[in-house]
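For reference, the structure discussed in these notes is given below.
Lettered A, B, C and D in written order, each chain numbered from 1.
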Amino acid sequence: MIRVQREDFDLGAELDALADGNHRVGGLASFVGLVRDMAGDGPVAAMTLEHYPGMTERQLAEIEAEAHRRWPLEATLIIHRFGRLEPGDRVVLVACASAHRQAALAACHFLIDWLKTRAPFWKHEEAPDGGGDWVRAREIDDRAAAAWDRNEG
Amino acid sequence: MIRVQREDFDLGAELDALADGNHRVGGLASFVGLVRDMAGDGPVAAMTLEHYPGMTERQLAEIEAEAHRRWPLEATLIIHRFGRLEPGDRVVLVACASAHRQAALAACHFLIDWLKTRAPFWKHEEAPDGGGDWVRAREIDDRAAAAWDRNEG
Amino acid sequence: MTVLYFAWVRSRIGTGSEAIALPDGVRDVAGLIEWLQRRGGGYADAFADPTQIRVAVNQEYVDPDHPLSDADEVAFFPPVTGG
Amino acid sequence: MTVLYFAWVRSRIGTGSEAIALPDGVRDVAGLIEWLQRRGGGYADAFADPTQIRVAVNQEYVDPDHPLSDADEVAFFPPVTGG
């Protein structure tokens, strides 16, 4: 399931719903990304996430479908927020339920790594002094995503 | 933090508390293990988890300390239940909060892999016909834990 | 065509969206980028280093040799930084 | 010594805990296992295949050559299956 929204989400309710009543689920792995108060360039007062409506949902659905092709998953969930967020705010949730622990953990890791290099979101950071700049993509994220390419069939 | 308990836990409340107010946290990874209604040998009506009080807490604390030695973590939590559990019930939670996504994800994966081969818990499964047997350790779990040895130092 | 700009590509150009009739002689994405660069000003600035630009046509990532038609939705943006 | 048994080791022996004075000639874990095997019955059954037995002394995993003293807490159990 894919959700792109301005609003926050209830982490516990989302995770509980993912396995609810499905007794084939043996493992539920999740990752939540949060806004930090520091970035590479210094303190961060807030950030604004811009995205490409339409393409975002399409890319997230493709990433989710790829996870289901690679691992035996009972359920998956991706929630990504946009708009203005402050330190401590949740940005993104990816979660995978599977009969098997390793499948749930690997698929969760894969989803967030691919999402970070493929989903059309861009962060604009505000510094406490009122300045601001677009966050630059990091090579380390490209390498993390590319590692999953090498693992492809 | 380590908790060994008979009672269920509130997943959302536990995860929210782990990063609460700590704006250095950029990623929160978690894994929940649940009781499945099927095992290798057939349907499962319930299971009872026996453990070794004292040694359990000591081993979990050692595993948690090892994760903190290997990765820069802001907070970690391990909750493991014991007693009688039915399909759909939560068995275990491991969660890691870090400034960095890869550290949170890797440490979470490490914690559950090591826990499964080192924490003194034993599952006794009940079949629907009233029969029951002790779950046998799986070689695949030994290999998963051993993979983290090779990554040592 | 509908042409969309996001993040600093949008900031530099000064608009997020515009309608552009497929220019004479432009057949693919690379051709459209060259045409936009020649507009000068914010466009020249935004497309100064094409290696820093990602392109989607009809909401799918494409390479510079991807052909264009007047019905396409074309989007230009920097490498993504969500998650 | 306090000697503890868990899971199917406990089921086969029929008790989870007993006090045993360190027997004459037993100096290490391997020696204690041999001594317990010689008790026969459920003990012989539980320790029939020592490769299936894990041992902790004072709540830490140890190898068969770990020395024993009368003050130790010794635990025998199968490979763990939690998580």
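What we mean here is this: a residue touches a chain if its C-beta (ideal position, glycine included) is under 8 Å from a C-beta of that chain, and two chains touch if they have at least 3 such contacts.
What you are looking at is a predicted structure, and each value in this text was computed from that prediction instead of being measured.
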Chain whose average C-alpha position is farthest from subunit B's own:
C
Per the centroid of Cα atoms for each chain, what is the distance between subunit C and subunit D, given in Å?
72
Could you give the separation in Å between the centres of subunit B and subunit C, each centre being the mean of its C-alpha atoms?
48
Just how far, in Å, is the C-alpha centre of subunit B from the one of subunit A?
23
How many angstrom between the C-alpha centroids of subunit C and subunit A?
26
Please list all residues of subunit B that touch 2 or more other chains.
33, 101, 112, 116
Check: subunit C positions touching at least 2 other chains come out as 83
Each pair of chains that touch: what are they?
A-B, A-C, B-D
Quick check: in the complex, which residue numbers of subunit C touch subunit A?
4, 6-8, 11, 56, 59-61, 75, 77-83
In the complex formed with subunit B, which residues of subunit A make contact?
10-13, 15-16, 19, 21-38, 87-88, 99, 101-102, 104-105, 108-109, 112, 116, 144
Can you list the residues on subunit B that touch subunit D in the complex?
33, 49-52, 54-55, 58-59, 80, 91-92, 112, 115-124, 134-137, 141
